[in-house]
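Two complexes come next, and they have one chain in common, subunit A, joined by subunit B in the first and subunit C in the second.
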Partner chain A sequence: MIKQIKNNQRKHSFSSPLGRLGGAFVKFLLTASGSITSLAILLIVIFLFKEGLGLFNSPSVEKGYALCVNASNPIEELTPQQIKQIFDGEISEWRIENGELKMEDNSQFSTLHSQLIYPFRFDDVFSIYSDEEFGEDYELLPQKLGEVIAQYSNIIAFLPEQYLPRENKAVKILPVKNIRLADFFGGKEWLPTASPSPQFGVLPLIMGTMWVSFFAILIALPLGLGVAIYLSELAGTRTRNFLKPVIELLAGIPSVVYGFFGLVVLVPLIQKTLNLPVGETAFAGSLILAIMALPTIITIAEDAMRGTPRAMREASLALGATHWQTIYKVIVPYASSGIMAAVVLGIGRAIGETMAVLMVTGNAAVMPNSLFQSVRTIPATIAAELGESPAGGAHYQSLFLLGCILFVITMIISATAEFISKKKVP
Partner chain B sequence: MKEDSSKSVQLSAKQVNFYYGDFHALKNINMEIEANTVTAFIGPSGCGKSTFLRLFNRMNDLIDNTRLTGECLIDNGNIYNKSVDVDDLRKKVGMVFQKPNPFPKSIFENVAYGLRVNKLKMESGEWRIQDKKKHSQFSIFNSQFESFVAQRVEESLQAAALWDEVKDKLKKSAFELSGGQQQRLCIARALAVSPSILLMDEPASALDPISTSKIEELIHSLKKDYTIVIVTHNMQQAARVSDKTGFFMLGELIEYDDTKKIFLKPAKEQTQNYITGRFG
Partner chain C sequence: MKKTILTTAVLIAALFGVQAQRIKGSDTMLPLSQKAAEEFMKINPSQTVTVTGGGSGVGIAALLEGTTELAQLSRKIKFDEKNKLKEKGKTVKEVIAAYDALAVVVHPSNKVTNLTREQLEGVFTGKITNWKEVGGADLAIIPYARETSSGTYEFFKESVLKKKNYMSGIMSMPATGAIIQSIAQTKGAIGYVGLAYLSKEVKAVHVSYDESKTFVAPTVANAKNETYPIVRPLYYYYDAAKESKVKPFIDFILSTKGQKIVSEIGFITVTAP
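Moving on to the complex of A and B:
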């Protein structure tokens, strides 16, 4: 009987052929928009990871270059870090110890067994030979390079692939290795434009992001929840009706404006009051991020707490609980999933925020060991460097990989929040 | 024995007027309710019976822009005096709401809630002193308190005729119970803080007939220890459970008398019309 009525109703609502067509069309539109959106997001993620993971197929030295040593040299391969240190003069000698190759820096005194390294760049060849000696079209260049390498047993030469002295038996060309996972995730140096071997150590960036975000949340969370509790429980109707829209308005201010404010007001203030050499610190970033995350946290947490059924409040108060007890024993636990959402969105904003942080943190890609130090975050790195990295190059790919890391971090946070709010014991 | 105790007036209202903003919700109400009786308030929706009930634990304080004139007395003290601690008052006057509203906690913690929130405040009485500053006493006291809570929870659940059904799943969520069980849980929760008065705002309106009859039996058995005031839309229920009945209409107390009299020989025509179902 009821089924029949329902059927009749359904028939009725699409009774005319035009109406039925319209209904089908709307249904199709809704389905299409849903699938297109999901597909677009999926494609973005796939693109991100495809480009990012390409980094591990890139050579660890500058593209089109290779390293050569004298054939008598025991070195078989070098890590990107070693290459960088050798050409920076941080490693100046090596020696063989128990059949193993050891690298040593300047501070070590030379022993009998150690041998000085002679780092040789391509340009150096022009100071050894005059231009005429290379022939008309530099066709003798590889030969001359070969001579140089054959001459010095301790040479490590960084040469373009097209001029490699391949025929010379006294020259050993080191195999060019790809960038490894460990170089990327374990490296402590972010020097993506270094020559001969760019350094893609992502640790300082991750740490920078973590420091800035963590302290931002540390500031914003108690403050935001406090304001949310005040607004939902203590403030009068008029105060709330004034404050809530104002706070919501703050969420709409462009981040570059916050960044500008931070740069002009906060940074000098921090520098002066704390007597620091530079005011552009992780602390400044945290403060700005906290201010930016506050409206989100306040609005969502307040909504969640106001959404606590009146019956819950009344039940608690009717048992003789005070207003405060009701707030922290009933309202906050009841609203906990909403509060969790507020926290996650706040953290998401803090981790993903780019412009403001870029402007106030000083952008020094070093491992932070203090809050009052310049740091560089992942989003700021992407924004600052993407413009100057050649498309398809290792630098470019590394920036995409940074994007992937950001994506994974926010995913983990959301998943954790989901897990916690589901686990909530009633 | 019972007759003697029921003679004393426990709740009374003197010339009570109540306003929601400009709306005059209660008009000059006078009423006396004796201890250890069940009093039912009946009347059409919006007649002010719930508003009147909620005056006695000052629940109406939570609503903005309301005004009260006249006096509400419990044990001869005006509960709207400035010196009255509202939280203490509400401990003495328990309340059960229209819809079951257990907290999102376990069954045990729902009943224990009132004890836990009040333990810091009880200055004298059997389960007092929780001196947070004296840590040495804290742990000893805490274990005593916990055993007291466990005992009180069991007593309350037994009094609410729910113990046998939930004793094996006290740690389970209160939301796993049926609607009728949840409502009895709410009653147990109210009983746990040992109130002397129990206000019930249509406690069975959201329940099925079997659960309703259980609640009604419960009201009968609670009468010897508590003064019960119940708001109901169900006239049979009022007739079954109450000793006295008040009939409200449009914010006025039309008639207040023994239940038998109200239902068999009402003095006013409006009452007659209402209980015979001519309107409402």
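Moving on to the complex of A and C:
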């Protein structure tokens, strides 16, 4: 394309000095706009990764807070998951071995600390002491907190760093580790606003995205190819001239409208016909995405099939092949690279789609094991949560990292598309 | 020429005469503040009030930086936030403008009418999974929550779940309207919405906070006489040093006319004048 333009410029530029100047100017403009676009894209990618990777420098406990226990407690370390379970009341006993909390029920542990856990939040201190006891500017607050922790040997207290009773010998401050790579990519719980220890397990989100997109393509591919074959080979000119613009019109409907249609029509329909407990399922998301990916698949695949040279069709027919044999032995193989490109672009559309999926899949962050279950996708998560996450915080960074993951997935897909469409049919 | 100078002078005078006020914060309170600001400006044409949302936390941050005069919060100011304001030499004053009650809703065909707080906690943390455990039919419970960015999500977690986390994998919907829609078409569903959003498509559950001694229906009257437990105050916060500037608007909201707007929006009026 650019080469052609350059050639044209050369042709014109020889005609007159003014033309030469104009040509140079256009050339400069084209180069400038090209480099600015690439620079902008590069900057966006750098920004995305810079914000996202900051997550692994964030503490695994809410920023500005720390966890304290009584000094007699042998605990040395707690994982983010254990902290969450303690404050949710799911772990209720200190069963400690080598400074670590043991989850499984085993009576062999040193019974020294086999006692009930007393989870203590900062606000609780205000129900123990009255406001006056903390002094005018809360200067006595650390001291009072120290008293509470010294009093209960089974306590675990979640306190702001500025009020930590650091001098008190009866208080042990647990070291805070940074969020680990394994917790992010291997975690199965997505509770980014949980306090004291937010859970950033991204696995259910990645699986949800893949699951919905995969089934969307599984539905859209046979349908899309069928329509493409019909339009390019079987339909009469008049039918084609009517159908093709209508299908292309589908691509112009805003995705939020698809989502609304899905929530109000598709979801109750799925629930009733399949007799499911909930209608907001991965299947509803896949169906909506399939409808949305169809125009892309149909248009590109049809263009590729119509590009088959007339000589090839006629040669096939002349050899005695039927119309149908010509289609699946000659035309489809010839257009296969175009069809593959259509499929890959359709997948790209499905993976990045946000609004429609946000409305129909129910957004439950669970590992999907059936198609008729609610799932949460990456784009829906970013759209729903970025608005209110404090800028620069761990939640904010985790959403950027989700963006990075989405970027990597789509990059792999478009690289595949590039590779396939370059391949020539022998 | 003279005319131009005159108009300019008038314009400048008008500009200085106008008292601009900014209100920022909770999205829950957005309709209330907007409606009140409109009415307020009708009565006092010399004053302008601009209202923006963004969330309760955003409101306090703006107050801290002095980019707003009034912060609207759907929760009480946090201890840390108060401290930060103090460090900047600002003492905040608090005004409760209205109350908002949350109703727990289920599918209309559901037989269950009474639930205790403990049962609700069990349902939303995933410990109770079937309706027969709370006196209903043998049907799986499908709890719906709002997205994490919503103030309603946080308030329900604090009040009903006693700060425990929701079960991971709870269905979360982007808007109150979507919750109503989903619950109306899902038999085993349970969720929560603001009192103003209650409709015939869903059934509101009576709630008990005293271990099933009394079950109270979510109505405006019950919220007002403080028998209904899931109620949160809606606050305005402002810097005490700027009191004279914001006082007229605060007075307007607390006046009979302002409180009429409060009940029109679907919130509960403050009983004291």
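Going forward, the second predicted complex is superposed on the first by the 385 of 426 C-alpha atoms of A that agree within 3 Å, B and C clash if a C-alpha of one lies under 4 Å from a C-alpha of the other, contacts with A are read in each partner's own complex, and residues count from 1 in each chain.
Note that in this section contacts are C-beta pairs under 8 Å (C-beta built on N, C-alpha and C of every residue); 3 or more make two chains touch, one makes a residue touch a chain.
Bear in mind the structure is a predicted one, so any value in this text is a computation, not a measurement.
S.K.: Should the pairing of subunit B and subunit C on subunit A count as a clash or a fit in the superposition?
M.R.: Once both complexes are aligned on subunit A, subunit B and subunit C fit side by side.
S.K.: Looking at subunit A, does subunit C or subunit B touch more of its residues?
M.R.: Looking at subunit B versus subunit C, the one contacting more residues of subunit A is C.
S.K.: Counting only touches as set out at the top, which of subunit B and subunit C does A:Y129 meet: first, second, both, neither?
M.R.: neither
S.K.: Answer with first, second, both or neither: which of subunit B and subunit C does A:F261 touch in the superposed model?
M.R.: neither
S.K.: Using the superposition on chain A described above, determine whether A:Q325 touches subunit B (first), subunit C (second), both, or neither.
M.R.: Touch partner of A:Q325: subunit B, not subunit C.
S.K.: Pick one for A:S389: touches subunit B only (first), subunit C only (second), both, or neither.
M.R.: Touch status of A:S389: second partner only.
S.K.: Counting only touches as set out at the top, which of subunit B and subunit C does A:P333 meet: first, second, both, neither?
M.R.: first
S.K.: Kindly classify A:M312 by the partners it touches after superposition: subunit B alone (first), subunit C alone (second), both, or neither?
M.R.: So A:M312 only meets subunit B here.
S.K.: Just to be sure I read the superposition right, which of the two partners does A:Q271 touch: subunit B = first, subunit C = second, or both, or neither?
M.R.: A:Q271 sits against subunit C, while subunit B stays out of touch.
S.K.: Between the C-alpha centres of subunit B and subunit C, what angle is found at the C-alpha centre of subunit A, to the nearest 10 degrees?
M.R.: 140
S.K.: Could you tell me if A:T237 is touching subunit B, subunit C, both of them or neither one (first, second, both, neither)?
M.R.: It touches subunit B, and subunit C stays clear.
S.K.: On the overlay, how many Å separate the closest CA atoms of subunit B and subunit C?
M.R.: 48
S.K.: Contact residues on subunit A for subunit C in the complex?
M.R.: Where subunit A meets subunit C, its residues are 64, 84, 87-89, 121-123, 137-138, 160, 188-195, 199, 204, 263-264, 267-268, 271, 277-280, 358-359, 362-366, 374, 376, 384-385, 387-390.
S.K.: Could you list, by residue number, the parts of subunit B that touch subunit A in their complex?
M.R.: So the residues of subunit B touching subunit A come out as 57, 59, 62, 64, 87-88, 90-91, 94-95, 97, 99, 101-106, 113-114, 116-118, 121, 173-175, 186, 189-190, 193.
S.K.: Can you name the residues of subunit C that touch subunit A in the complex?
M.R.: Its residues touching subunit A are 55, 57, 79-80, 83, 86, 125, 139-140, 142, 147-150, 154, 163-166, 168-174, 178, 181-182, 185-189.
S.K.: Which stretch or stretches of subunit A touch subunit B in the complex?
M.R.: Interface residues on the subunit A side: 237, 309, 311-322, 325, 329-330, 333-334, 425-426.
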